[in-house]
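Input: one structure, supplied below.
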Amino acid sequence: MAQVTSPPEPAEVVSPAPARRYSSDAAGLGRLRAGAFVAPALALIAVFLVFPALWVIYLGLTNYRLTGVAAAEPQFVGLDNFVKALTDPEFWDSTWLTFQFVLGSAVIGQVVLGFTLAWMLKDRRGTLKSVVEGLVILAWILPSAVVSFLWVALLDRDAGTLNALLGIPGFAWLLDYPMLSIIIFNTWRGTAFSMMLYGAALGNVPPSHLESARLAGASGWQQLRDVVFPHIRGHILTNLLLISLWTFNDFSPFLLTAGGPDGKSEVLAVHVYKVALQNGDLGYGAAISTVILLINLVVAVFYLRLLRSKK
Amino acid sequence: MVLRKRSVVAVLAASALGLAGCGQSSGGGGGDAIELTISQNAIAGGKNAAAADHIANWVIPKFEEAQKAKGKDVTVKFVPSGVDDEQYKTKLSLDLKSGKGADVIDIDGIWAGEFAEAGYIKPLGELVGPEAESWDGWQQIPEAVQGLATFEGKKYALPVGTDGRVLYFNKTLFTKAGLPADWQPKSWQEILDAAAKLKSSGVPVPIQINAGTAMGEATTMQGVLPLLAGAGGEVQKDGKWTGASQAMKDTLGLYQKIYGGGLGDPKLQQEAKGRDKAFQQFAEGKIGILLEGDYFWRGVVNPKDGVAKMDDRDQVVGYAKIPAIEPGKGIRGQDFVSMSGGALRTVNPATKHPKEAFELLAFTLSPEALKEETKDGNVRITPRTDVNKEILAGEPLLTYISEEVLPLTAYRPPVAVYPQVSVALQEATAAVAGGTPADQAAADYQKKLEGLVGGAGNIAA
Amino acid sequence: MAAIELRGLTKVYPGGVKALDSLDLTVPDGEFFALLGPSGCGKTTLLRTIAGLETATGGAVVIGGRDVTGVQPGGRDIAMVFQDYALFPHMDVSDNIAYPLRIKKVAKAARHAKAAEVGARLGLEQLMDRRPGQLSGGQQQRVALARVMATQAQAFLFDEPLSNLDARLRLEARTFLKKLQRELGVTTVFVTHDQAEALAMADRMAVMEAGHIRQIGTPAEVFQRPANTFVAGFIGSTPMNLLDAVVRGDTLEVAGCKVPVPASARGLLTDGEKLVYGVRPEYMTYSAQPADGSLAGDVVILENLGASHLVTLDVDDVLVQAVVPEGHEPALGERGHAVPRADRALVYRDGELVSA
Amino acid sequence: MTRTWAGRIGFYTLIAVLLAFFTIPLLWLAAAPFTSDPSYEVRMPDFTFENFQTIIEHPYALWSLVNSLILAIGTALLVVVLSALAAYALSRVRIPGRDALLYALLLLSSIITGTAAMVPLFQLAIELNLIDSHTGLILIMTGGLLPAAIFMIKDFMDATPKSYEESARVFGASPLQIVRHVVTPVVRPGLATIAVWTIANVWGNFLMPFLLLSDVEKQPAAVIMYTLYTEGGQANLKVLSTFGLLYSVPVVLMYLFVSKKYGFRFHGGIKR
């Protein structure tokens, strides 16, 4: 580092040979310190996430079982489990149900309802806003064991509140419309996240832009399309990505319908639970988990393409 | 083998992270003090609370006392659980696989085969020594019940108890329908006739025989298997599995007659909480006939603490043996049939004190312990005939099952693949309840079975 | 206080974009210096490089006689006002102003006393407990200035300090800022894209284009004698007339008219040479009557500038502009004559000013 | 005029419908615990506290709530601190392949929350001697939640103007001071969101605590809730509804606390 030399004459300054490099990011972290910031999280993730996740992927290549001979001496079976899954109609049924579940409850249900709520409450303050937000968030933070019980009570054939309100005692929601039931349930459960995210995103849309769109005579829909949507594109991406991922892996439908009746609501997460925990077929369960991972990957890439390419 | 390599990596990862090991309660320690743990799927204030209380409040102090009298310093700790059987089994398997878990453990009789194959449990003779073979309690345990604890000719555990299945019926509804209060059907047709009469007298659900996958093993044990036995079939016999045999077709045929003929409620079979609901409906007088185990009497309609109490249980609820399809057509040529299950208790192969653990195990099945355990309305059928004679005296149903039903009963095959076969059976009943013809469902079952048991070669012709 | 000296300063971004190309610049102690240029010219990069927020790829930054090229921003003894003021939204005005002192581990009481003193000087007494979100743009700007003042740094750097204010406030702030800088006497470099702002406030200024400094000088020098056609076009509220010209002896032929060779270029031109003739509209006199050395054409556009008008003449298909005082504006379509002031007209050869 | 009236009526109708949708399922939880003989029906309770008495006398119920608190708060602290540091560095420093890495971790996190991961996680806990310890469980749950947390917080960090940090930096603040004084307070609503999200996740997690803790006195409420069934798996609605309510209260209180103290909202930009 240079030292101060006899004051104002700049000519006398001694320049150090090569100027020492230091970081030029906003906070002056530098790669080394940035590394130190990331390291604890990455170390935890490496040990408790990446390592066991790779292990799961490996298990998918074995015939490992919870009990029996295959528990003592699991054999490497290559892609047998994957072939079995891909040729098993139950797996495909389950995949199809999962798509319905994700599309219905996450992409349509939570996103649309969450956005609607955020949009409606955007310029409001006071009790109404806090009550609505509070209730929506309550549905999100209550433990799933409790929430599923509430819905079992709500949808019960004979004593359920819903049938009592609608005056149709004996209507078997969970049996005759199992997918609709879990889709509405999951919409109810998860809307809060989208609502909060969009609430924040809408707060970032400059009011002046909306103002000028309104002056230009844009309808509500045109305002959304031309002003709001371009501004919150990134948030939509994050939101879709996370809630799709979570919904794909959501196990709580099991608590409502146990996958039934006759597998009509057996989404993949429930399917894995049945295969891995109830049947103890861990190798096959791990293989299905890996397939879910791949489906999630495809979905993520799809979203990225959809929302990033138009930048 | 596969897992060994990884443990090295894991250890490296651990040391790299510098994670401090957190204390793990283990047995032993210095000196002569011996620490034992005993675990059951029971918990104070929750599932099987009475059993948990019995262990904590009676077995442990008494056992420690008895050991002290022998000059041994033994302390015992109870490790409660209290969750779904599948979850309990999962955790137990993981524990046993890793050499963890309590010294004395409870398992369902049906898990014996798969646990033994995985090396999770060991023959008591090898693990403990000759005293396990020569335990004096064996003489009191009937051969069939001993079979529960036996795998490939070796005893892996001590039986904790057994049970039996009968047909329960509502005498009030029967009287209204003009049926006798001491009903005992002698063929399936008589059951159907009674159901038809109940129906015409306005009973909403004349008969409930569990079907479908939602009820899980309850469909198999309180449905398919007793009926199959009544039709003269066994799910597995002499190493061969029963496929789409006549007995299977007859069994599914009965389902078809019940659920296709409006005698049962097919919807109820699909509900996630269908079994609870059936109990509730029986208690409310909406179900005429119900095939269930003795648990139904003890734990469901028990006027004292049942989940669907019936204050007038002793007057209203009747019971009858399950008939064969026709007299003499049941398994072993029987007129009546039943199915039984039961829990086992054994010593964890990873224990540091196999001898003491076995002593604790045997102590829990001593006459005194069993009598204590079954006191105050907790009566159940114990594995010991000497104890049963005493404790079942005031219990007409349990005496009935113990004396009339157990001699007729059969057990499930204790092999690893059984749970999956059971699911296939449940699916077959679900199909029939949903309208598929019985023969078709039987054929589908056989196809599925071939995939599970390793080809048609393992299925009886 | 301190002078700022840049020697051969170069900044190349990863990917090869050269933001600064071997710049040399000295800002003497106490000077109010403006960096002016169109967006993307490198002026903000230069300011940030002085601050140390960007590392120089080559060359040196010397502040107060100390080479700080390798010194972290915090060690350069400078203070900076950001375009968006960067007031911490979670701190009240007082805490914001006192923040630099908090970093220097000044005791709480002392730093709040200092904040109160500086705040009072900038008329913020009533606002000390407010959060930035509760302040108007002008108030936020003053808080940012107060925070800079509290540091008592050797030099101040302002990045577009006025651009977030509305037009009216901007003029007030301009005067205020200039007065403040006079009083404090701290060497100050500020970046602006608004030439009027630079002309109004700066003691000296540098006009930048594409990583190069195209001219350094006082506002008067830069305005009167732009060193090249880029500066000539960039400076001035009305753009300079830059017209193609050919040397014909003592005169220049511009758009078919003859005008005398400007005083500054006399004797430096060769006959027949092609040049660019430049004269500001302000340095043209307009007359309805034909005059010597004038550019004659039809009045095609009239723009009202308030106290004057901007007249655009179509001289043989070349547009020439002149500023006409209030009350003398011609009628549209009328034939007019614009006479350049010979002492203010300039000649550019290959874009560079021809001058002795 | 008519248009705004129609708009208002539409607005309040929609709000009323949505309010009903979100409220009705919750009624049972409000009524059943105070009813002496609850069923699935929502009835006017007879306001008995007998069910609460049962829970208070339960040997594990109240302690399990304490265990849940330990696990939830421990995990939330770890997740918030680690994800904030990591997200900050990732947001501000160019690291090649950063986005791809984040997406990969996010996807892997989905596999780890699935049932199939129980064996590897169990074995790992055994090998690291983390079995039957709250610490181990906290570490494992943190590992699973971190990628999504980093992902979300990075969004907040990206949206924060860099000039805040640059300004602090010019004044001489060190990177850690910048994080403490400037970045953390600015993204605090985001951190609060992550904290509540983590707490809600841990609060409801049954399988991992059940498998990794063997001592029932360490088990959280999610596990104890599952033990309140009978031998045959029947639900005891009296204790279940009551414990369900008690089990819900702390998480709601934590939400209210965080929301009051830190403005529980997604990053709404800087309130200008």
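Note that the chains take the letters A, B, C and D in the order they are written out, and that residue 1 is the start of every chain.
Here is the rule we go by: a residue touches a chain if its C-beta (ideal position, glycine included) is under 8 Å from a C-beta of that chain, and two chains touch if they have at least 3 such contacts.
Since we're looking at a predicted model, the values are computed, not measured.
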Farthest-lying chain, centroid of Cα atoms versus that of chain D = C
Pair of chains joined by more contacts [C-beta pairs], C-D or B-D | B-D
Whole-Å gap separating chain B and chain D, where each centre is the average of the chain's CA atoms | 38
Indicate the whole-number Å distance between the mean C-alpha point of chain C and the mean C-alpha point of chain D.
-> 54
Could you state the distance in Å from the CA-based centre of chain A to that of chain D?
-> 14
Roughly how many whole angstrom separate the Cα centroids of chain B and chain C?
-> 90
The positions of chain B in contact with two or more other chains are 6, 10, 13-14, 87, 90, 94, 273
Hey, what residues on chain D touch two or more of the other chains?
-> 118-119, 124, 128, 139, 166, 168-169, 226, 235
Chain A: positions in contact with at least two other chains | 23, 26, 28, 47, 51, 55, 64, 66, 152, 277
Within the complex, which stretch of chain B touches chain A?
-> 1-2, 6, 9-10, 13-14, 17, 86-87, 89-90, 93-94, 97, 111, 113-115, 117-120, 212-214, 267, 270-273, 416-417, 419-420, 423, 427, 430, 434
Chain D contact footprint on chain B (complex, rising order) = 3, 6-7, 10-11, 13-14, 19, 21-25, 43-48, 79-84, 87, 90-91, 94-95, 98, 100-101, 273, 275-276, 279, 295, 299-300, 307-308
In their shared complex, chain B is touched by residues of chain D numbered 57-61, 118-119, 122-124, 126-133, 135-136, 139, 207, 210-211, 214-216, 223-224, 226-236
List of chain A residues in touch with chain B within their complex | 43, 46-47, 51, 55, 58, 62, 64-69, 71-74, 76, 152, 157, 172, 174-175, 256-258, 260-263, 277-280
Chain C contacts chain D in the complex at 51-53, 72-76, 78-80, 82-84, 86, 88-91, 99-100, 102-104, 132-133, 151
